[in-house]
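Working notes, beginning with the structure itself.
By written order: A, B and C. Residues from 1 in each chain.
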Amino acid sequence: MIASLATFSSVIETLGIVAFAMSGVFAALGKKLDMFGVLVIAFVTSVGGGTVRDLLIGATPVAWLKDTHTLQIILVTTILTLLLRKRIGNFQRTLMVFDALGLGLFTVIGIQKGLAFGLNPGVCVALGTISGCFGGVVRDILLNHIPALFHAKELYATTCIAGGTVYFLLNGVLDQEAVQTIAALVISSFRIISYLRKWHLPSL
Amino acid sequence: MIASLATFSSVIETLGIVAFAMSGVFAALGKKLDMFGVLVIAFVTSVGGGTVRDLLIGATPVAWLKDTHTLQIILVTTILTLLLRKRIGNFQRTLMVFDALGLGLFTVIGIQKGLAFGLNPGVCVALGTISGCFGGVVRDILLNHIPALFHAKELYATTCIAGGTVYFLLNGVLDQEAVQTIAALVISSFRIISYLRKWHLPSL
Amino acid sequence: MIASLATFSSVIETLGIVAFAMSGVFAALGKKLDMFGVLVIAFVTSVGGGTVRDLLIGATPVAWLKDTHTLQIILVTTILTLLLRKRIGNFQRTLMVFDALGLGLFTVIGIQKGLAFGLNPGVCVALGTISGCFGGVVRDILLNHIPALFHAKELYATTCIAGGTVYFLLNGVLDQEAVQTIAALVISSFRIISYLRKWHLPSL
């Protein structure tokens, strides 16, 4: 059961890495970058959130340095996305679902890493949100935008904060696997619903 | 005596966090960010300098992760500043004084942290300056400006360098509390005077 | 022999620091920064790549904090470059050669630091490339550009990746000093040749 959950997580994590890298490639294409630039943008979109988290808590070398696969997955994703970019453009909804799955999983991974470092719940929710969302922030800084996360009014960081709150409401009540699964599903499904229904933050 | 000095520092530190967060909120308001974006900008303006310092020396988890209060102070400050923003706009001079107090204290905290890590005086002054000034640099990067610190010609980083030099001239001559207090006061008062008299760096 | 190699490396490292700092000063001059801003830009151009590398692997305090000379070399370089900037403008080719020498050496230093942390070859090549190239990326972020490294189509990061590949092809075949020297020379000479012949990455 735990093994199959771990396998399941690892499949979702790969889908999330791929979806984030693809969104990086599409963002980079609008800016006339060269091949190396597109690859770096795909890379930071995918691993930037986890990297910022690992730097802040001191979990170094950061995760992708200790791992032979992440660099390879992102390289292959970038090349395939560039080759097939016209066809992929028709699958925006599929990509959004992958992105939402990745968002849920990455947020939960960030929360657990914070707990493993003995940090308090409010800080863990912030770390989870950073894990899920800050790849896009680093991408937008490199592409010389104000990060979309800060002005788009979409429920993106908000879903991570909501899911993180659910995590700590259930923590200790249910067992670990259940808490993680429910929190990740809350984030993913809330993200998908808010996207489809065009829910927004209130204006200031 | 030491206890009352510590309490006094902690009051000044809170005033500094509040002043820096408020300046972040006002900077963010000009950019049409959403609620989450304003909160992040307030946050990085307030803790960004100390975070960069802690990352560079490897004092991780960085300070605000180990602390339950900083996140809460900044959250409350952001909400109150948004609600009361028209009234607060009339208190720019008061805010500038808080900011100058925070600048002096944060710089001295940075210098001491450098010393605790066994770094040499020149490097400690650089770390103190980063602690005091780089929250504004990270804020300006996120808001897609060239950092004001690099072109405004105000005596801002310069006051930190001057105060840091005073610190090491007095270090070993006077006792620790006296050195820290004098260096922080030199920075705060030099900052206030240079602001009121509009002193500037010479043009290149 | 080893001593003289170390001295030779240290001369090249200083030349690289100087060349990178000078390129930072020239980039900053176009942006009407004040004296402090020019100094920070020179500094991050010079040590930014190694700093990003050290943060990612957790080699903290980062290299320039433990070293009394780097800050001084960059300070002196910045002042002399500002004073002599009209004359230096005629020596662009000389500067480019220093920059290429620094690029080769910094990349090899990055690879070796990755190996010392037990990281795999692909990741070490990425770290070497970051060491050589990301000072310019941080400089461009601070100057509010999309990093030139990502769109200029020059063979810059590509030369680091090529030289890193040579490093691991020869590693274990030749002795350590030979591998390092050859890899650094491959990067420097490939960079100089591609610059003079205006070689570019293919368009997307």
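In this text, a contact is a pair of C-beta atoms (placed from the backbone, for glycine too) under 8 Å apart; a residue touches a chain by one contact, two chains touch by 3 or more.
Nothing here was measured: the structure is a model prediction, and the numbers come from that model.
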item: Interface composition of copies chain B and chain C: same or different, split at half; value: different
item: Fitted rotation between chain A and its twin chain C in degrees, CA, nearest 5; value: 120
item: Inter-centroid spacing, chain C versus chain B (mean Cα positions, whole Å); value: 31
item: Where chain B touches two or more other chains, by residue; value: 55, 58, 60, 141, 144
item: Residues of chain B that touch chain C when the two form their complex; value: 55-58, 60, 114, 117, 119-120, 122-123, 126-127, 137, 141, 144-147, 149-153, 157-158, 201-204
item: Residues of chain C touching chain B in the complex; value: 28-29, 31-38, 40-41, 51, 55, 58, 60-62, 64-66, 68, 71-72, 82, 141-144
